[in-house]
Amino acid sequence: MSNYMDIKEQAYAANMQLPKLGLVLFTFGNVSAADRNKGIFAIKPSGVPYEDLTAEKMVIVDFDGNTVEGNLRPSSDTKTHAVLYKHWEDIGGIVHTHSTYGTAWAQAQRAIPIFGTTHGDHLTVDIPCAPPMDDEMIKGNYEYETGFQIMNHFKSLGLSHKEVEMILVGNHAPFTWAKTAEKAVYNSAVLEAIAQMAILTEQINANAPRLKDSLIKKHYERKHGADAYYGQE
Amino acid sequence: MSNYMDIKEQAYAANMQLPKLGLVLFTFGNVSAADRNKGIFAIKPSGVPYEDLTAEKMVIVDFDGNTVEGNLRPSSDTKTHAVLYKHWEDIGGIVHTHSTYGTAWAQAQRAIPIFGTTHGDHLTVDIPCAPPMDDEMIKGNYEYETGFQIMNHFKSLGLSHKEVEMILVGNHAPFTWAKTAEKAVYNSAVLEAIAQMAILTEQINANAPRLKDSLIKKHYERKHGADAYYGQE
Amino acid sequence: MSNYMDIKEQAYAANMQLPKLGLVLFTFGNVSAADRNKGIFAIKPSGVPYEDLTAEKMVIVDFDGNTVEGNLRPSSDTKTHAVLYKHWEDIGGIVHTHSTYGTAWAQAQRAIPIFGTTHGDHLTVDIPCAPPMDDEMIKGNYEYETGFQIMNHFKSLGLSHKEVEMILVGNHAPFTWAKTAEKAVYNSAVLEAIAQMAILTEQINANAPRLKDSLIKKHYERKHGADAYYGQE
Amino acid sequence: MSNYMDIKEQAYAANMQLPKLGLVLFTFGNVSAADRNKGIFAIKPSGVPYEDLTAEKMVIVDFDGNTVEGNLRPSSDTKTHAVLYKHWEDIGGIVHTHSTYGTAWAQAQRAIPIFGTTHGDHLTVDIPCAPPMDDEMIKGNYEYETGFQIMNHFKSLGLSHKEVEMILVGNHAPFTWAKTAEKAVYNSAVLEAIAQMAILTEQINANAPRLKDSLIKKHYERKHGADAYYGQE
């Protein structure tokens, strides 16, 4: 019996939400869940169809990307997860999908403009889009460098990963994170909904204005401010 | 046992229609149902997932927005509902969603043009879009002011809330209402269908003409006129 | 026990296909099935939700639009059905929907161009779009005149209703027909699929060429010609 | 009892995946599976609804297109399958669909540009689009010539059918293939997902850049190179 069953169960449950929410086709996505006390995370094995997944099959990996437990090869994106867990010490879950609308914005290499309160309820800036990596990074330790590309883009924009829990990687697809894997999956679904609304908004009005600063502030504080009054907590 | 179980059951049943009709993701929507004799309405608690809702969990609120019964915090949009119930005395149900196409038009800050009889069967004018509120209103009692923004836009256009039972709030999303919560949910689904058809219509023909006045009149009277011959009543 | 149970069962089964195929929201559609020997057709009652329909509730109407049997009011579009049955003596089923893409083309008042073999497998011309009726027709016996508007547009284009079993009515929505109600429902689903592909085709290539004449001929003859070799008959 | 039950079962199972994956409406698609030792393939009978299919009903055909076993007429596209099996000796399954987005690109007569890693995980070039055939080919043995049109287009572009397992036929629709029927169905679903993302990408950014060469190389080698590290093999 594994010493990591709790975190494996969390990672398994979160992975199984992706097809249910319509965020993945076949195996095009992966979720990990971290156990900070044990210094590891549980992640989906590579290329295994969701209907064949079990909690036992989750692979345990440390924050340097080394497999600690598991007979299956971990997701090919494992090193990206490891880098983010190592450097962003307060996150507990990461999700990568190729969801349709989010991926289209990533392929278009554009940040998703903040057009309305659906967006503003979750973050106060455009959803950032990191540029594709330079050729040296790609030829090298690609998935490892993807993690740095994400962190560097946050630094260059002055963003905090605690306030903005999602990014597009140019030419590639979205990544999201949160304190828990469950919340990171929630963020992936929110990103996809916002991405679809944003393209429709531009199609309806090519000059659609961005959300007013006062509304950005108000909606974010409703959910996240000191006097938040959304939800039951 | 609550004295308000009847209206709670109505509000619960209407809320549960939203995910079934594809109008909400997670908790992005709320329905209320009013009991005019008792001077209260039942509304969804804030941030509770639809699968965890029960009739008992509905919160009872008076038309000034004060909670009358319930252990959970009511929807963060409760004051908007309260204002509309207080001033529009003949409505019995209100729905707020962030449905995909309706929200895209709201973000684009455009009224939805009346292009065909699907629209004309329900209202004879464009679906109105209130402008975003000014900064003072937003900084103040925001949800309360949202109700006034809706009513003021109806006044400025000379519209009757009895004839036009839906609006977009610019940068935000749709609100609908009706004599019952069930009918208000119906209106939300109709708005979403019309919103999708309207963007497609403009994409197929950028110069698509509006519905002819004679057809507007005919289709509306089929359903709503003195000699209505649609339905069984 | 009704003398018309056979045709009522056919009409009922065909009506129930509409929500299953995603062609209707709420009650926005109707199917009828004709019994030529008895000189009547069975049609959906007006405004009754699909989940409440039964075969017994279908209304029996003659080809002049008079109700022959049934306690419920027939569909508000009944006279359009009656006119088409009366004048096109070889059709046995008619369908009217407000399906999303078909209705968008009708609202855009454009015929759907024949862009590919999916279209060519079913008809050799653009899916016609009748212009909105003139005001006198609308003010008069509107649904009755809708039938004539359809027939007149076919005459003006030199089309045969035996070869082209579908039309858009401008500002309104699609109508389809066939020898049976079941086949007419099939035609409605085909129209909707073609309508969606056609708008996407124009979006991908604003100058997309029409299907070549030789391909139109070939694909149509595969299914409908003297030497047809599609299907099992 | 048929001597071909194994391959019939494979073809049946693969055909039944098409409606489950949303790739077909009614009977608009067909899958075949080849048994190279026996020199035959099993293919869907023509025009039979998926809900009426059984493994027994699959038709056995040789690589010249002659029916070897079966009471039903094989798919009208059978000769296209036969030609490809005869000339491309290492493929074991072929799929033809009229899936919505893939067909729209085929109708637009454009190859699908490689915009991102979702595409690059599967092939390193644009998804090719063969031009419509010339009139002589169409008038002649049409489905047989469709196979040659596909092969000729691959030759003209210098593509290998082992590396690129999908094509659009202009004005018509997609064809995919692979070593097995199951994998060919997977390719059809991948093509449809890529096709949808590509049109959205162009709508979000009309000047969206193609995937960088270094990223194309990296993502393809992750899955297909000598040092592949995707999946469990």
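Each chain gets a letter, A, B, C and D, in the order it is written, and its residues are counted from 1.
Note that a contact is a pair of C-beta atoms (placed from the backbone, for glycine too) under 8 Å apart; a residue touches a chain by one contact, two chains touch by 3 or more.
Predicted model, so just to flag it, every value in this text is computed and none were measured.
Peer 1: Starting at subunit A, how many touching-chain steps does it take at least to reach subunit C?
Peer 2: 2
Peer 1: Could you name all chains that are in contact with subunit A and with subunit B at the same time?
Peer 2: Under the touch definition, subunit A and subunit B have no mutual neighbours whatsoever.
Peer 1: Residue numbers at the subunit A-subunit D interface: does the shared fraction exceed half, giving same, or fall under half, giving different?
Peer 2: Different: when the shared numbers are divided by all numbers used, the fraction is under half.
Peer 1: Looking at CA centres, what chain is most distant from subunit D?
Peer 2: Here the answer is chain B, farthest from subunit D.
Peer 1: In whole angstrom, what separates the CA-based centres of subunit B and subunit D?
Peer 2: Their C-alpha centroids are separated by 46 Å.
Peer 1: Using Cα averages as centroids, what's the distance between subunit C and subunit D in whole Å?
Peer 2: Distance between chain centres: 33 Å.
Peer 1: Which residues does subunit A have that touch at least 2 chains other than itself?
Peer 2: Residue numbers touching two or more other chains: 203.
Peer 1: Considering only which chains touch which, label the overall pattern as line, ring, star, complete or other.
Peer 2: Its topology is that of a ring.
Peer 1: Check the chains against each other and report every pair that touches.
Peer 2: In this structure, the chains touch in these pairs: A-B, A-D, B-C, C-D.
Peer 1: Touching subunit B in the complex: which residues of subunit C?
Peer 2: Going by the criterion above, the answer is residues 25-26, 28, 45-48, 72-73, 76, 98, 100-101, 103-110, 132-133, 135, 138-139, 142, 171-173, 199, 202-203.
Peer 1: Would you mind writing out the residues of subunit A in touch with subunit B in their complex?
Peer 2: 115-118, 186, 189-190, 193, 196-198, 200-201, 203-205, 208-209, 211-212, 214-215, 218, 222, 229-232
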